[in-house]
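Next come two complexes built around subunit A: one with subunit B, the other with subunit C.
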Partner chain A sequence: MPAEKVAVIEDIDELLIKKAQRKDMIRNVLPFLGLVFTIVLLTIATHGLLLSGQNLVNIINQCFTTALVGVGAAFVYAYGGMDFSLGPACGLAQIVFIGSFMRFDMPVWVGIILAILTCIIATMIVGAGSHLLHLQPFIVSLCVRSICTGLLEAGNNSMGGKIVVPMDTFGFFNNNLLKTIILLATLVISWFIFEKTKLGKEAKLIGGNRVTARQSGIRPLRVIVLSHLILGIMVGVAACFMMARNGMITSGSGGGLEFNIMIAMALGGFPMEGGAAAKIRSVIIGVLTITFLTNGLTIAGVDNSYINVIKGVLFVVIVALSYDRTNLKQVVFM
Partner chain B sequence: MPKNMVDAQNHGVGMIVQEQGTIGNISVASNVFTGRLEEFSKFGFINMKAVTKRAQEILNEIGAGDINAASLTATLNFEDRKIVEIARVMVADPDILIVDETTTALAMKGRKILYNLIERFRANNKAVIFISHDLDELMSVCSIVTVLRDGRIIQSLEGDKITQNNMRKLMVGRELSEHYFREDYECTYGDEVVLDGKQITYGSFTNVDLQLHKGEILGLCGLSDCGMHELGKVLFGIEKPITGRVTLPQLDKDAEVISPSFAVKHGMGYLSKDRDRESVILNASILENIEMPSLNRLAGLLGYISSNSEKKLAQEQIDILKIKCRDSKQRLTELSGGNKQKVVFSKWLGCKSDILILDCATRGIDVGVKAAIYQLLEEMKAEGKSIVLISEELPEMIGMCDRMLVMKDGAITAEFRRSAELTEADIIKYMIGSVESNAS
Partner chain C sequence: MKAKKVLCLVLALAMVLALAACGEAPAPAAPAAPASQDAPANSSETGSDIGTAVSTTSEETKGFEFPSDLPEFKIGCLGVFSGSELYIQWKNNLQSLEEKFNVSFQFVDSQTPDDVENMCIAGVNGILMQGCSESILQITEKYNVPLAVYCMQFSDEELATFSKYKTFLGVVTEEDGLGGIAAAEAMFDAGCRNVAVAGLTRGIALNIDSRCDKFMERFTELGGNIVAEDYTLMAFADSISSFAAAYPEMDGVFSAFLNEGVFQAFTTEGLVGNAKLASFDFTENCVEFLNNGTMVYTACGQQGTIMAAFAVLYNYLYDGTYLISDRSSMVVRSWINLCNAEDAADFNEYIRFSTVYSPEEIGYMIIGFNPDYSFEQFQEAQTNYSIAEVKARSIG
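And now, the complex of A and B:
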């Protein structure tokens, strides 16, 4: 009798574990399949143009800024935060950069530092501000978004609307080798910090349960400040390259960046609520998927406004499918 | 088989759940009449006055007149919110009532209300299914006790067969040959004070003094709203006291516990009464939970933490505490309450804490794990570690503590030292006692 009983219990344990493994597999494998599916489908739709040599260089260029900002944002999303002001902050950094150079004759390296500082200030207000004032990060980042948008427009107007970036000075930002080196270095370093160091682990633990993390000796403020610092630096660096690639700055520069990041994360299986399941790998897969998708649809001749509609629908569907509801279950009323 | 909870309710089955089952940001009266507000509506308008009046009548009827039906539910404490749920069940007037581990959340007042309700059901020839692990309670309340273990019905007991010993045997599945509580009746601890609270005021308590010694198990007992749970949080630096301070005299006479991170850094650990929300991360793995307070120790150059050192730490703890799991990657959502509690203990054992503050360490846990925890506490005491044990369960307090501080209405009303003669009645007097008895 006792032996039989033990067998039954083992089966139940096994069942639970199998269920969890299945869930993990869906989370881990599905994004891969999504990426492959996207590439195959669009390669057919574009008659192979998607994977042509010239277009692959384009793809690297297009995913460059999203990837940089994406790995930075991974830290913020992992701890359960978010930042909805990235686009305008990125645009503002470009204005600050070009303004310091054209109006105040400052050297380029000072401009780079100023651009990065601008983004750090913006992300820091969102992160530290929302934590210290006990406000939803979404609300704070909307405010910062509004401020950045306003400053970007004012700066842009004061410099005469469309600002053309002098390529003789900033052309080196378009060097593909430089971009590839920076991209690879960023991916390796951020993977190391995110998966292998105290900071990355702490961010994920705070995302899992902030109260528990605090009661276990983790200092949330420290982790939040560092996460937003990393994000700020990444947005600042991305701003410099984006400016050179576009060749001009308008009041709409940087627009849509934060939304692209969010879709990329969702497509890659990065949990929007943060926590232990967050992986840098997911960001990379997601960025590749969204880039191939946008690029492929454009080549296939789909109008840009429809691409945005497709992205929006995709986002809702994926978040609805993948959102982890275990935390919600405990507070749901009867 | 009922399709869902509403279906069950419509067919005369009511339930009081273990978790919080009230909505915080609406009034008590609305909670009492959840799903029944239709009865008070005319032309689509709800007569809230009538709802409040009727709710107050029901609250008065069950002996909870001190709860104001018009007040916002979120302003009530956990216990009163449970009582509101009991009132809701009264309104539904079911034929079968299921009470799931509700009394763990209730102190004397709430328990009395619930027992009266159960008595009334019995008198009206209705049935109550009472789920609990509190053996005393089961003995006094139930007419039939069915013991489950590992998801199977083991045996049902009736009449005078219902004894603590019989139930315990069936629950564990073997004779409890090893001891349960401490067997010695000596009050033993070192001279050094390791945690010193002076004149602490916070929330519902004022000017509390408390000293914890090396190798001591210090009990804090009282009714659930006496302030002992908050005191535990202040001792660990989670809440900042309004006046007074908590220091670690062994470190430095001015080493004040200002935050949980300071406390953890200097060898303290804390187990919350609300384990699932405050002491573990349900969606994270056993490994991630165990390593949480040890991250600083594990981190090397640039904060690098090697996978091997993590795994070693987790596996050690799983072996020591015999946590039932597949491997250290298993998530906490897939563990039983007892095993989750073991994970919390291993968090603090893993980072070698010397001072532990345990708020309801054995709440909602089966007898087997309870016995393991009591044994663990004894071993820790023998190693010279110091423990503050916060609990409402007096047998546990009398069974484990060297000293016991009784709290009532935000003040310490009595101190008891460990002895064989100490009884629950001695302590209860000071937990709920009148002013005269406090004077002694």
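And now, the complex of A and C:
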């Protein structure tokens, strides 16, 4: 090949690499900038109240369950899965927990295990079911969502409608130190598993290209099952804390959790289709952004309906700027 | 593409900055209660034209004057303040008190523990809320922010627990079960014997469940039959259509609350004139349905409940005393019971878009302003609440 032609090809390669690097940088930096921008703006709007010591403790409290479930969901979203049943599963776990304690006089630790098991079963059905039946995960998760909602309502009705959580027994779940320790431990362990172990890498590889992953000797079922197992554990733990935080359980308990997770992940720049760009830090940034936003805007006195509008606008902007459309383009041009 | 991204970002930033700036603006001053019936409606930032407020003044409050130099209080209101005329009216009614009481309100259409925490950090002096739980009271206790509850029922056990917290000031509410009983009696008296019940998904709101439970209990006790029940989240129209198709013997429907779908279903299923309707709340169609005899009962009139709860809260903020002496019992307000077109016309004129109480009437309930006022009088005012009572207080 003539030297001139080689030089042109090298130039094009360099350009493409630079473009890809720029895109990567935007995807990595933008959510972080969004978080910083949100904090700075709201610190000004709240006259510094946002970053007061007491409010920072509140922030940990307010982002606790979303962060916990978010890091669990990262494993599932990384391989290209999704789960719409998280909210009702979380509510059902709360009913199982409180039911075991109030109806069957079981110790609290048994209730915790039962709550976690409930969520594991729900998430496992979604993960394994969609893989084995060759169905889209969202279809299976909608079915599981419906089942969990029905069981939650039935359980709730059988216990008299609104279940008041006895705080003298469950009050320890509201301990800020306990929450902080669990949150930090979860983040560190999840980060390690996600970024440094075979499971995390394989999940991302499956998310990037399932066919290639299979041809590389990866068994998707194993990865899917383990990912959903982690998610189930996280939702179950979150359910225990959510129950004590709200002080009551109704048939609406846990509602909206799955959507909060999705919004947080998108705001953090987590690729919704999974793949190599999936990072645990994206989930953390997203969860912090949404929590600071809600917390700060309320403290600043912004009307609740506008808070949702602002969240929606930010969601669109950040997703539009950081979303990876490579796969989409390939499909279009094929 | 790059230009689009930049434009998108700039627009979003502009919007966020504009809205954040809105948050810093002082709350709009609400006009005082109109001086006469001809006065314009009490406006609000909603900008909705929701009718003419009736100004009220009871005999005993004549001559009442607010003390000068009242301290300024910021009050957080958590619940629902949009989406229906009652909720908007709640907001308007509270805003009608701002000037005379030197208070400002921050409204939040949600009531999670997170919201309560955020309100406390925002520096509110007190909270009005449409719900409560022990975990919420742990938060208010931590920040020493008092909380009064409106329009929500609690069990005796819950209230006993709540009353251990000094920041819990008490509950002012209607008792939904009483409305259910009244609805059952009205339907039975109207000749209904086979009635279907449409309610909200069970377990979401205990008070709504209580309406259905007490209705069915009383109706069965009277000798009537409950032919069907459906508790699908707010799908009242679908429920009524299914009832009409499956139960030709059905001669009445009890709906746990009203939306336009109920009236539409009655019309499209040919139930007007063939079945009776009993419910809660008031909408525009109630007038027509009460007129043509299809609707035999509706319980409404919660417009003033939030005002009474405000009195409970302000009383504590002003001098640290509890207006509700026994906080382990709810203060129960009477429902406004509408059974015919005349009732509906009166309700429409005197209560529907009314503040129900003038600032002076609420001020009269504050023990710090009026040392002779007692809890018994407060309780009596809530029990005596009726169209006739509001009419008697109305000016003009």
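Following the convention adopted for this analysis, the second predicted complex is superposed on the first by the 302 of 334 C-alpha atoms of A that agree within 3 Å, B and C clash if a C-alpha of one lies under 4 Å from a C-alpha of the other, contacts with A are read in each partner's own complex, and residues count from 1 in each chain.
Basically, a contact is a pair of C-beta atoms (placed from the backbone, for glycine too) under 8 Å apart; a residue touches a chain by one contact, two chains touch by 3 or more.
In this text, all values refer to a predicted model and were calculated from it rather than measured experimentally.
Considering which of subunit B and subunit C touches more of subunit A, the answer is C. Of the two partner chains, subunit C is the only one touched by A:Ile310; subunit B is not.
When both complexes are overlaid on chain A, the residue A:Trp109 reaches neither subunit B nor subunit C.
Of the two partner chains placed around the shared chain by superposition, subunit C is the only one that A:Met248 touches, whereas subunit B remains out of contact. When the two complexes are superposed on chain A, none of the residues of subunit A touches both subunit B and subunit C. Interface of subunit A with subunit C (complex): residues 41-42, 44-46, 49, 52, 54-55, 58, 61-62, 153, 156-157, 161-162, 164-165, 167, 171, 174, 244-248, 250-252, 294-295, 297-306, 309-310, 313-314, 316-317, 320-321. Taken in their complex, subunit B has these residues touching subunit A: 5, 17, 19-23, 34, 150-152, 173, 236, 238, 259-261, 263-265, 270, 272, 276-285, 288, 291-293, 295-296, 298-299, 302-305, 324, 326, 330-331, 333-334, 347. Against subunit A, the residues of subunit C that register as touching in their complex are 5, 8-9, 12, 15-17, 19-24, 27, 82, 106-110, 112-115, 117-119, 121-123, 133-136, 138, 155, 157-158, 161, 201-206, 209.
Contact residues on subunit A toward subunit B in their complex (touch as defined above): 2, 5, 8-9, 12-13, 16-17, 20, 192-193, 196-199, 201-202, 204-205, 208-209, 211-219, 275-277, 324, 326-327, 330-331, 333-334.
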